[in-house]
Amino acid sequence: MYLVVSLAILVTMVLALVRALRGPTVYDRVLAVNMFGTKTVLLLSVIAFLLGRPDFLDLALAYALINLVGILAVLEFFQNNTRGTAEHEHD
Amino acid sequence: MSLLELLGYFNYWVFAIVLSIGLYTVIAKVNLVKKLIGLSIFQSAVFLMYITMDKVEGGTAPIIQKGMENQVFSNPLPQVLILTAIVVGVSTLALGLAIVVRINESYGTIEEDEILDAD
Amino acid sequence: MIDLALDSLSWVLLCLGGIFVLIGGVGALRLPGFYTRLHAASLTDSMATILIFTGIMLQAGFTLATLKLLAIMVFLLLTGPTASYALANAALQSGLKPDADQLGENTAGDAS
Amino acid sequence: MIIVFALFLLSLLVVTALAIVRTENLFVAVMLTSIFSLLMAANFFILDAADVALTEAAVGAGVTTVIFLGALALTAEREKYAAGGGRVAVVVVAILAALIIYATFDKPRLGDPDAPVHQHLAPWYLEKTPELVDIPNVVTAVLGSFRGYDTLGEVFVVFVACIGVLFILGVQPEHKLPPTASISAGLKHHLIPQVVGRLLIPFIILFGLYVQFHGEYGPGGGFQAGALIATGIILYALLEGEEEALRAIPRSVLMGLVIGGACLYGGVGLLCILLGGNFLDYSVLAADPVTGQQVGILLIEAGVGMAVCGALLSIFHAFAARTIRP
């Protein structure tokens, strides 16, 4: 049963990756990265139980705590770079 | 069984492909930041190869707890090597980026061919 | 008897969580426009987090692992909406308007 | 069963790596790099390397992204030319990949217990760790005690890299812009990230300390803890502005941490010599050799944590304090 859940999470990871690759705006890509981070936390928690070593939840805990730092760094990057090149890509 | 054996080599194939992608970025791209990103991909591929080697069938992470007397453990040695290498990789990456930042201040560009033209 | 009930309840929660995760993924891929995608991703993320972690906690019983799972769940529920807010704010301030004009964007702009 | 996960995640890894190479926008490349790091950590976890996965998590999720973004803010966000360096590179790289793949057919299968790697040294470590060091985490035992020289070298590499970054970036030449305009004010105007971030910082640092001192019993150790604590303080700097973080923990303290950590590690080694043992032979540190080993590992892990935390924070400040786009 853990297997079903982890497969669902894996499929969602693929979908998020497709979104990260397609864009079209940079914000979509950041959104996809954020989604990917959350899905990784879920996947690691489920796999820790699937492997029968629940004491390895530390890893998921680390990601749950730290993922926000990357997103906030991106926010500050946008805030400081007011030249506006990062808004839309045209490639 | 043969299919499973073939799948067992998949890790090494991914290692080869990711290594090649990293190498391609380093030698073909002219942007210095992109080159450093390629270098870190290259490095990650090597990490992947080492960690692939540590896996033992039916094994678990080498943390010996009570009631695990007959348990098979994976190899701790590659893990130790890669654990330190990851942190060292980040610091050396930062060193490379610092040099790129200074190059940008001196030359006004981070494209390799423009820098070569300017010299 | 109570074990069986808890077991089946946790499986139901896990399955529901998996479904919510999938819905969020499909929504983030298929919906047009950035804000609709953000909406789909963030809402389902919170729901799926609650469902999956409650399900695993029921399986784990009363151990240290349950405490850690609870901590992970609380932190995810704190950081997920914050990240969504930060993203929406950054997008809005940079001039990305939540217009209906963007509805065609999903199919048009996948050049890269 | 696990191999299905590995197949999935490794395929995603290849796709992500290709996308990183193809995109011209360096900001997008950095975002995809963070996905790449998440996938690597998940792969490490599946391949039984919990310690390595925790390191990748602690470093890849926060510090790498922040340093890359700091460098991008100082240089450029886009590549100028889309095209790569032509066919020759592709051919060379393709030949290399084909050669490596051809070579892998002689390699032992994934998880083969009879592979040469598992015959030498590793069984000895697994067998002797409970007897000689008596801590559950074999990785920490090998890292701190059996291969202590190696780790000492790695700590000094981090130390030297930190000094290098400070030499290259840390010295402010002359301010072309007034300092108030150049140094970012942080996210003071965003109330929600402020509140949530402030709530998270103590937990990140607490978790860092847990990883530091629980490293003998579970996944963790000085490297991971140093990176985690550094990430927590970087979060403070992002929220309150860089100057505020420097007021809380000044540069001199950071340098003290780096130097103190490296010296603590070396000092423990010298202390072992003074007490009549070999360099980094902790058995002489206490009356009982096993207790001595445990004390030694605790001390050098503390040194590693201090050095890594100080080095990563110094590097972050060196990038963040630089004038933006001169």
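By letter and in written order, the chains are A, B, C and D; residue numbering begins at 1 in each of them.
Keep in mind that, in the parts below, contacts are C-beta pairs under 8 Å (C-beta built on N, C-alpha and C of every residue); 3 or more make two chains touch, one makes a residue touch a chain.
Small disclaimer: the values here were computed from a predicted structure and weren't measured.
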Highest contact count belongs to the pair B-D
The distance between the C-alpha centres of subunit A and subunit D, rounded to whole Å, is 19
Subunit C to subunit D, mean C-alpha position gap in Å, rounds to 28
Rounded to the nearest Å, the gap separating the Cα centres of subunit B and subunit C is 30
By the touch definition above, subunit B meets two or more other chains at residues 60-61, 63, 65
Shared-interface residues of subunit D (touching two or more other chains) are 23, 25, 28, 50, 72, 190, 193, 196-197, 200, 203, 218-219
Where subunit A touches two or more other chains simultaneously, the residues are 13-14, 21, 23, 30, 32, 51, 53, 55-56, 58, 61, 65, 67-68, 72, 74-75, 79, 86, 89, 91
Full set of chain pairs in contact is A-B, A-C, A-D, B-D, C-D
Residue positions on subunit C within touch of subunit A in the complex are 11, 14-15, 17-19, 21-22, 24-26, 28-29, 34, 37-38, 41, 45, 48-49, 52-53, 55-56, 59-60, 63-65, 68-69, 71-72, 75-76, 79-80, 82-84, 86-87, 89-91, 93-96, 105-106, 108-112
Listed in rising order, subunit D residues that touch subunit A in their complex are 1-2, 5, 8-9, 12, 15-16, 19, 23-25, 27-28, 31-32, 34-35, 38, 41-42, 45-46, 50, 53-54, 57-58, 61-62, 65-66, 69, 72-73, 77-78, 82, 184, 186-187, 190, 193, 196-197, 200, 203-204, 207, 211, 218-220, 224, 228, 231, 234-235, 238-239, 324
Note: in the complex, subunit A contacts subunit C through residues 1-2, 4-5, 7-9, 11-16, 18-19, 21-25, 27-28, 30-32, 34-35, 38-39, 41-42, 45-46, 49, 54-55, 57-58, 60-61, 64-65, 67-68, 71-72, 74-75, 78-79, 84, 86-91
The answer for subunit B against subunit D in the complex is residues 4-5, 7-25, 27-31, 33-34, 37-38, 40-41, 44, 47-48, 51-65, 72-88, 90-95, 97-102, 104-105, 109-111, 114
Residue set of subunit C touching subunit D in the complex reads 75, 78-79, 82, 85-86, 89, 112
